[in-house]
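Next come two complexes, and both contain chain A; in the first it sits with chain B, in the second with chain C.
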Partner chain A sequence: MLNLNNLLLQVIRLLLTFVIIFLTLIIFGVSPFDVFESILYGSLGSYSKFIRTLIVWTPLCLSALALIYTFSAGMWNIGIEGQIIMGAVGATFVARSFLGDDLISPYLQILMAMFFGGFWGLICAILKIKGKVHEIFSGLGLDFVASGIVIYLIIGPWKRAGIASTSGTDIFHKASWVPTVGDSNFPIFLIILVLFLYIFSLIIFRYTSLGIRLKATGINTFATNRFNFSSEKYIVFSFLIAGAIAGIAGFSQSSGAYHKLVPSVSGGFGFLSILIVLICSRNIYFTFIVSFLFAALIVGGSQLQIKLGLDHSLIGIIQATFVLSWLVLQKIEIEKITYKQISKMFAK
Partner chain B sequence: MILLENTLVTVISLSTPLIIAVIGETISEKGGVINLSAEGTIMICALFGFIGAYETDFAVVGFLCAMVLGAGISFFISYCDINLRMDQIAVGFVLTILCINLSNFLGQDYVRINGPLITKFSIPFLSDIPFFGSVLFNHSLITYLSIVLIPLSWLFLNKTSYGLAIRASGENPSSASSRGINVKRMRLLSCVMGGSLLGLAGASFSLYTKYGWSEGHTTNYGWIVLAIVIFGGWNPFRAAVGAYSFGLLQVLAIKAQSVTLALSQILPLLPFPLMIFILIFIQYINRDEIKNVPKWIVAILGGNQPQSLGKKLPEEIK
Partner chain C sequence: MKIQIKNISKSFGNVHANKNIDLEIKSGIHALLGENGAGKSTLVKIISGQFAPDNGQILINETPIQLGSPKESISNGIGLLNQDPLDFFNLSILESFLVGINENAPYRHLKDIRKKISSLLEKYEIKIDLDTKTRSLSIGERQQVELLRLLYNGAKLIILDEPTSAFSLDQKKNMFQTLRQLSQEGIIIIFVSHKLDEVFEICDSASILKYGEIVENLVQPFDSDQIFSVMFDQFEKSSIDVEHNERLDNFSINFLDKDISPQVDISNSYDFSQGTVIGFAGLQGSSNDKFLQDFFSSDKNLSFIRINSSTSLLKNEFYYMPADRLERGLFGEMTLLEHFGLSEASKKNILNWKSVRKHVDSKIGEFNIKATPESKMHELSGGNQQRVMLSLMPQEKSILLLEQPTRGLDVNSAHNVWEMILARKNQDIAVLFSSTDIDEIWEYSDVVISVHGETIIDVSNKNILTKDSIARFVSGLV
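Up next, the complex of A and B:
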């Protein structure tokens, strides 16, 4: 199955992508080696930095995993941001209730986050099927509705004691935080959850008819109806499970990263994970790795300001350039270009 | 009366960039391309419009810079869509993220500094009319342009042969192609026109409405533009009504700030749920599932989505 020629071409494409990123950085007058050195140091340089990377990585790879389901069904789930936000709202709902100081709080939070996120994904799916609303527009709309809900909750019913400000709710009770190992902040609970969900998804996509039908829905909706199974059912399923997984990402943000509900609780990770899935073209293994690379870029990027005096938006530029040039290079037949150029070189 | 007059003046000048952007996006979507990079395009064009005007001291240069940049970005999208056969939504989305970050990175030296300013230009005689004079004829040139653009773009789309060709390519590329329309060129044309208008809108943010530059200067306006285009049912006049209503909403939000904080934060998000309702409504009307809908409601809320919006061109079109 493995086509060596194809693999070689992909490696050449990857190298070209890095050349483009390096050139972009040089155009901005920044040394690429300095940048990547400080990113590497800033993300993996010490134990605490590594843990920060892990805490960024969990929501990223969870929402990327969620997107694999919807992309497999051929749907553009831009509503992922809203699903993350609603997941965080669900988690906060439990954390602020009378169960907030109980040891079972994190587990209930996950259930509630899955429920809220899944519900938000379900709305998108129902709008798609019943209302024939393009999922991009409904997703975009629901993103902003969700952020409106969060802002309302933070200023209104869940405001901090005394003052109403947009800086967030009160910090959760310690029992509602994501369980960690002993005194260190190692988020063992989240890591196990991520591994479990990834293996679960691998099995679904590899060994079950569910996964195959999901992919078939994405490839050709008309054909699936001929094969006597309703593609609509699978679109609903993909949005439901994507919303639930994105909800867990929201839980990881509110109870693992911030320990409270803040207006920008999704941190833009939903949109970022769309970039990740675009690069990985729905490959689960690649998504696992690339989302870690992106998390390392984000955490390492905070070092850029301190060490090199560069704005952290450089990281966004690197990520987006990477995705864009990778996508464009996929569509360019490199082998033809090189053959032509080689023949031209020999002609001279 | 004076309160109403002042509010209307504020709404019209506040909505200037939105009107231009909404018309640009409408033209682009009529041709079949969802320019999902609107958020990023407006942001980076706001920056480059400001830089252009600041470095040369001419506001006109700023507007030109922004238009060229906006046209370039949309040209890239349509090139990827038409020639490389990539997903236009993917390209537009990645470009949004890229442009937002680029504008934050490149704009650091220009945060909160003063540059050239567009002054008000009262139209002689007309501005002396009571009420209407001060509401309509006492603005800057870019605002007049935005008002004039509304009927112009409608005429262009509905009454010219180019407009017809653009609409045909957006509705059904195959049959348009067999009627002898160069569908690829029409798609490119509509997308680049729309993109340059988005660029102009960006520049009118940084040079007029929200004067200056700061990080995330035009955050969310691009997404709002996408919502208002749908709210307007792909019709420039109704889109303009949507944009002015949003302007009014913003004014109300500022007024509400002193009363309740929550309301002022949530009011600007209102276009998004409205967009979803409109989309559902359009679909139900088109499928004739709701009977006896009064005609005036259909006229206000209905609309026809270009049938090949966001889809790749069929293979057979050369």
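Up next, the complex of A and C:
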């Protein structure tokens, strides 16, 4: 259901957020218009830039989608980074196997990535339920373990012929790359995958018992028994699904972006997507759009250095300002402020 | 001290909880009366600063106070004693005190503070060790500690929101004595209750709320018939017929040895015919609720129920209704519609929201729930939450396990609740409920199971019992 008043408020909040970002940039002595122009140009200014934005957007929006499942169940899935990394490991496993030069490889990679990511999520869930370990601690720990595993694989069993370097494994066989349209590099395969998963999740959350039970679990784990289900089971489900989707994000990184396994294969997208989901308060539509904005910001940000001679870290500042001011503005009831201010003005 | 409440209004979503409330209290004990959902709790929360009203003013000694700030209310001498005590479970009583008192560097004056609290405890005859953890106290004791804390902080106006619902008889007597004493010392007391006998006993004046508005202001002597007719739309006092049929789904209850009081020699296993209403009587703080939880958990290592003495029961054959509605019963952040969706979810994997909505609309009418399908549970009053829980009872024949089904409800709502429960009795396998109210046990049970402390002390058909004998059992007298 669309509430027009509410939408208007959100638009006002968005505008205010941009005002704050503009002011921040001015404080840094940078023209906000120049910055936004070059970001826009850098992310969407040409076909190849647009493709790069899509390649960044895919893992970002997938891991954000994954987090919607765990957040719904009330779980802080900090382990998302590790799940992405393990997804990439799973995909690389297939790509480096004897099936790596087969057309079937990408599909097998997805399955394996889902399996690896889901398994990594499941560990969190089991520790949570059986060991009463808070998911933030286990998730953080598992992130480190996953990073360790990748580095071990890259300089160990999967090292490049002759040299062991942390720059990554050998490039995959072309058949193991994410399929594109004809000879172009348009990642149609990833786009379809994203659309399918988003629509699938919309249906899950709106029309299925799984969706509503996940949501209920996130609100009150003590009341779920009365409605004939166990909250623990649904916590496990949420981690399994989230891990599997994050695994696909890992596949997109290894086989779509790098075409090899690199040490920082997750690109920090897992943590960034936590922010995205918080901004969007778990709304699937918003997540879809906002993750695209962030992808554009990341890709366009690389232009800053070239065009304006600014450091790339400015993008981090813009992101952080965006997230913080948006979250603060969410907590402020704008409609009430104006009302109070008006009444105060009249009182004077 | 004088408090003036002017034109206070507050709504939650589409529900007008308070509409243009005007009230002035100068002294004495003032009662706020009203049916469940009449707006008493909202008004109390506005006075104590927990809610900011949509508009209106509150004046203390002719000066307006800032609304919506508990701190401001406390500094103006307003103290609220909540229905459910809001304290720190893991702290000792002394520590809880230290957190809540208006004193700079309390740890430097620990000895003085301890002495002061002890003298307060003595003055009001409360026997509690200051070093025990809050969680080991009964609700009644926690309430008393809270009251002391308010006094310690120099409250000049104390609001009691249904304080006695958790009290034993002695505690109540003590409390009333304290309240009278305080009132004589010049402290204003606002007493929210729907136990009319208590109001008659202790209050000097009263206001009746209905649908969020004050409809009548009264002073002693109260006319009980008048209050009834103003408070309730229709007050029916007819009792409900308890019928008995011989039917097929008979059931048995099996208690563990450790659940039976060592004082008595009674059987562990009982057979009942379908449709029997069994009341678990017990004082506040006894384990009478726990037995219902045991049955629901279907754990074979606990006391359990079986149908026709052979088949074991599935979880979805029970409908369990816990006493604390928002903690264990409902999902505060979810809407009424979503709750029905959730109960639909145990039958189907795909939800048809259109039919769920239709179902909700009919249930809202049937159970007289004052809410829309989009209302969130935490926006509803306690009585409405209770009605929501009842409306969620499955259509299928079940064993109803109802923990204190009328806790915190007024006479009329309680009566309604029982009408709804007993209307199903003929189709259900059994109705098991717990209560601390012996009148309620007496009125509705066919069989009474008396619980004293943690164990069962008696299981009898009502027709061989008297109210007195139940009272004796639950007090531990055999």
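As a working rule, the second predicted complex is superposed on the first by the 328 of 348 C-alpha atoms of A that agree within 3 Å, B and C clash if a C-alpha of one lies under 4 Å from a C-alpha of the other, contacts with A are read in each partner's own complex, and residues count from 1 in each chain.
Note that in this section a residue touches a chain if its C-beta (ideal position, glycine included) is under 8 Å from a C-beta of that chain, and two chains touch if they have at least 3 such contacts.
Bear in mind the structure is a predicted one, so any value in this text is a computation, not a measurement.
On the superposed chain A, the two partners chain B and chain C do not both fit; they clash.
Judged by the touch definition given at the top, the superposed model places A:I332 against chain B, while chain C stays out of reach. When the two structures are aligned on the shared chain, A:I104 is found in touch with neither chain B nor chain C.
Contacts of A:T166 after superposition on the shared chain: chain B is touched, whereas chain C is not. In the superposed model, A:S147 lies in contact with chain B only, and not with chain C. By the touch criterion stated above, A:L7 is placed in contact with neither chain B nor chain C.
Set against each other, chain B and chain C touch different numbers of residues in chain A, with B touching more.
By the touch criterion stated above, A:N220 is placed in contact with chain C alone, chain B being left untouched.
Shared-chain residue A:V19: touches no atom of chain B or chain C.
In the superposed pair of complexes, A:T208 makes contact with chain C only, with no contact to chain B.
Of the residues of chain A, not a single one touches chain B in one of the two structures and chain C in the other. By the touch rule above, chain A contacts chain B in their complex via residues 28, 76, 78, 127, 131-134, 136-138, 140-145, 147-148, 151-152, 155-156, 164, 166, 271-272, 274-275, 278, 311, 313-317, 319-321, 323-324, 327-328, 331-332. Across the complex, chain B meets chain A through its residues 34, 36, 80, 84-86, 89-91, 93-95, 97-98, 100-102, 104-105, 108, 220, 223, 226-227, 230, 261-262, 265-266, 269, 272-273, 275-276, 279-280, 283-284, 309-310.
Taken together, the chain A residues at the contact with chain C in this complex read 207-210, 212-213, 215-216, 219-220, 222-223, 225-229. Put simply, chain C touches chain A in their complex at residues 296, 315-316, 319-322, 326-334, 338, 341-346, 348-351, 353.
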